[in-house]
Amino acid sequence: MPEMSSSKIGSSASTKTSEFPHRRSITTISMIADAMQRENLKMTENKSAHEKIFDELVTATKILINERIMDTFGHISARVPEDPQSFFLAQKLAPSLITVNDIQRFNLDGETSDNRPSYLERYIHSEIYKARPDVQCVLHTHSPAVLPYCFVDQPLRPVTHMGAFLGDAVPVYEIRDKHGDDTDLFGGSPSVCRDIAESLGSYPVVLMARHGVVNVGNSVREVVFRAFYLEQEAAALTAGLQIGTIKYLSPGEINAAGKLVGAQIDRGWDHWSQRLRQAGLA
Amino acid sequence: MPEMSSSKIGSSASTKTSEFPHRRSITTISMIADAMQRENLKMTENKSAHEKIFDELVTATKILINERIMDTFGHISARVPEDPQSFFLAQKLAPSLITVNDIQRFNLDGETSDNRPSYLERYIHSEIYKARPDVQCVLHTHSPAVLPYCFVDQPLRPVTHMGAFLGDAVPVYEIRDKHGDDTDLFGGSPSVCRDIAESLGSYPVVLMARHGVVNVGNSVREVVFRAFYLEQEAAALTAGLQIGTIKYLSPGEINAAGKLVGAQIDRGWDHWSQRLRQAGLA
Amino acid sequence: MPEMSSSKIGSSASTKTSEFPHRRSITTISMIADAMQRENLKMTENKSAHEKIFDELVTATKILINERIMDTFGHISARVPEDPQSFFLAQKLAPSLITVNDIQRFNLDGETSDNRPSYLERYIHSEIYKARPDVQCVLHTHSPAVLPYCFVDQPLRPVTHMGAFLGDAVPVYEIRDKHGDDTDLFGGSPSVCRDIAESLGSYPVVLMARHGVVNVGNSVREVVFRAFYLEQEAAALTAGLQIGTIKYLSPGEINAAGKLVGAQIDRGWDHWSQRLRQAGLA
Amino acid sequence: MPEMSSSKIGSSASTKTSEFPHRRSITTISMIADAMQRENLKMTENKSAHEKIFDELVTATKILINERIMDTFGHISARVPEDPQSFFLAQKLAPSLITVNDIQRFNLDGETSDNRPSYLERYIHSEIYKARPDVQCVLHTHSPAVLPYCFVDQPLRPVTHMGAFLGDAVPVYEIRDKHGDDTDLFGGSPSVCRDIAESLGSYPVVLMARHGVVNVGNSVREVVFRAFYLEQEAAALTAGLQIGTIKYLSPGEINAAGKLVGAQIDRGWDHWSQRLRQAGLA
């Protein structure tokens, strides 16, 4: 394998495993080697396309922090355009520190040949990419106004046209259903994350009970847009529930408004990017 | 038409249509040409007056973002002083990116000879200018503390002298009344916007059910002032409703305080403009 | 009067009146002239003491804006140390624009020889200085978390040691009691402000029903301190009222804790001043 | 004592006492001298280790202010690694002003040979270090979203995995139990602080009724992490209580998730430190 001359790649041949090795399925060295060869071949032709995606993932992370949606424990990934069996996700780092040099490439079992540390929750991403071929981007956050809906019996339903994309009500993944009430509530294993993907179904958002939020979409920009308006919708609903009786969106409104709003995604991205520049963060 | 020598104006002779052409009434080329001639004639004499309005529209947008009233989807317009059948509104752009070079001129059917993209919701502006000759400025936002009042049965009524301008209670436009519950909840058509203007009546604010807020006033500065205090009034009322029984303003207080506060508009403008400068945003 | 050679002072001999002349008692030219002479005599000896007060009033205004307590319509004044019948208050300006050059000197009828515009609400200050010889500083704000307590039947009572200075409950001035329910809710007349001072009694804070807040204290720094912790106390109480039964401070705790906290005022001033510097605002 | 040549140390031989001398147990000069000798001997060898701790205490203070958890009256301390009978705590200063040159060294009776002013509440720190040998860091704040749980009958219990470290419910120290309802609610005496430590028990947090919050942990970084997520957990619970029935963490989840989250502390520290740098504060 002369193309694997770099010491970093070479050392990864010892099969990097996660911090919790017992949670990770065994991968043979030959599988990893195949993946690395494939990656190397495509590297030159796709370089600029990948750089663009890396830029978007870094900018998305900055926007989500700056707009107060992501705290210390969020992460956003994107499917590799020319290889749907792979996705890009930053190495295990504080989100405010991530640069384009921190992006790792994973297969849909959450494995990487990058020998730097990886997020424990990467299976949330891998299992959703596996279950949802239409999804190009996955985001996990503890979005503060959404968080209460992860532990109350009140469903999160759309109340304005900006939330129509949510559908009738945001599904909630309840880990207790299969695993009882002694778990760590964490998305650190492939099997739990498969169930999260199942709860997500064809929706754009799923809540993890007593944990947090997962957003998906067709692009990094769409997911940032949806994360922003999910937070705003949850904040408005929480206030509304305290002051009167809610008039929720009807099924017809959810359908019609959901389509309309989706066409305006770049305006959001331009707006939040400009706010980053004004704050000296981009 | 030798006065239309600029390539940009010339190309617009191909009749710019909106993104949703079926929603826009057909305009003949001769009407557009007439409008453009009229505009060119007045351009020289009114240049500095218009520049001042453009500056105010840009500053107003920045203030509304900086004071957390406008998100990605707001826009503010001003009637053309010497031509009440026209109004100025930015081209379709993220609000944080708008400059004085982005202002378009529309007639009261929401049509423009400017061939750059226009906001789909411009009819909210055009129909209100048509219905309310006294109005010189129109603003659309998703003002966060006001948003809950767009989908609960609790009326938004003034609770302090700063909200007296609102009158007895802010009217709500309910699109379901005429159009049923399968709409996109959007102000994208002239007919819906005519109804919004009708719901507004002689009030300074109208809420669009499950969508957002429209403010109007005698000047850009007055509308910014009213948008700021509408947001503050809604936040205070929401808190008040949760902690006790509300003592609302009486009709006499609404009348007397409404007049008084209106005289202090420039102080607000000066204050928020200075805060923009301090934030390095102006 | 050769000492009044400056054109500005000279022109003020034409007796500056307020924007609402009918609300202001007539002052004879000789009274004004006397006041001016007295002021000039003391000017040299007290210059540095006054400059220090002007600095504190400007810094206090900046702190109150930066800590989100004062909006467009607040103002803070200080009694003149060597002349208890006078007080300093900025001219009528947006608070973010005030500098040491904007301070006016008023007598306890709210009159000044300064011919620049004055705040309409200056009688709130003058009447409290008249009624409360112990008070050295008066502040008027629309402190956002306190505002709801101006229009609900829920009293604002201390819930932590930081609010012990408030006493048993913050008194509320209800303008309807004497003036009915057709007023402008405004503190623009001496007679209304006399009643506000009466409602204040010996308390450190009085709420003006459906209007705002008045804080008083022994120094500019104490009033800023109290305004900050009044806001924090109101926010905590509002949250507490929504989640359980409140255990308020007992009379003994109010008494003991009130004395203790008052000794720490400079720490607050130092802290908030440093935050101003860090924000590039001082 | 020739090694005490510095005038500052020399002058402290006059036995610095607190602002409330009657609250402080009398310390003989010989005890102080002993402590000083011991300190001097170790000073050289431990200098860089101490400097690292001073840096962490200063950075922790800045993070807690920047993330809106600490107001004017918070303070954070660290046990001296090589001398468990001592701890470091800043001198009595506004938190935003503290530098590495402001750290004082105390024994577990809250006494110091440093002759600059000390916080009155230092006994909260000393008594907890005495009662809890495992604790390496103590923090006192008025964390705003936690404050309501200091005066309502609603227990603060974990609702997400990030709050699992709290255990079943945060204990509350009620000063009235032993001292009646005429106290100043303050942690200014060793005996009250002994009771606070007793209420803390083996928990990571104790609330002081009608006063504030105390966090403890194994390191400065762990305590900052816990303070941040305590605030977030309280905010989420307060919102949740207002919109539905809460599904709290089960005992098993508290146990399992508490262990997991604790492993991620440095990511929080890196994230908040980077935000300080971005804000120009570090």
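Labels A, B, C and D are assigned to the chains in the order they are written; within every chain, residues are numbered from 1.
In this section, a contact is a pair of C-beta atoms (placed from the backbone, for glycine too) under 8 Å apart; a residue touches a chain by one contact, two chains touch by 3 or more.
Computed from a predicted structure; not experimentally measured.
A.B. asks: Pick same or different for copies chain A and chain D, depending on whether their interface residues overlap by over half.
C.D. replies: Here the answer is different, because the shared fraction of interface numbers falls below one half.
A.B. asks: Relative to chain D, which chain's C-alpha centre is the most remote?
C.D. replies: Here the answer is chain B, farthest from chain D.
A.B. asks: Report, in whole Å, the distance between the mean C-alpha point of chain A and the mean C-alpha point of chain C.
C.D. replies: Here chain A and chain C have centroids separated by 51 Å.
A.B. asks: How many angstrom between the C-alpha centroids of chain C and chain B?
C.D. replies: The separation of the two C-alpha centroids amounts to 36 Å.
A.B. asks: Which residues does chain B have that touch at least 2 chains other than itself?
C.D. replies: 237, 242
A.B. asks: Which of the chains touch, listed as pairs?
C.D. replies: Inter-chain contacts occur between A-B, A-D, B-C, C-D.
A.B. asks: Mind pulling up the chain C residues that touch chain D in the complex?
C.D. replies: So the residues of chain C touching chain D come out as 159-162, 164, 228, 232, 235-237, 239-240, 242-250, 252-253, 255-257, 259-260, 263-264, 267-268, 270-272, 274-275, 278.
A.B. asks: Quick one: in the complex, what on chain C touches chain B?
C.D. replies: The touching residues are 65, 71-73, 92-97, 142, 144-145, 147-148, 150-154, 176, 180-186, 188, 209-212, 237-238, 241-242, 280-281.
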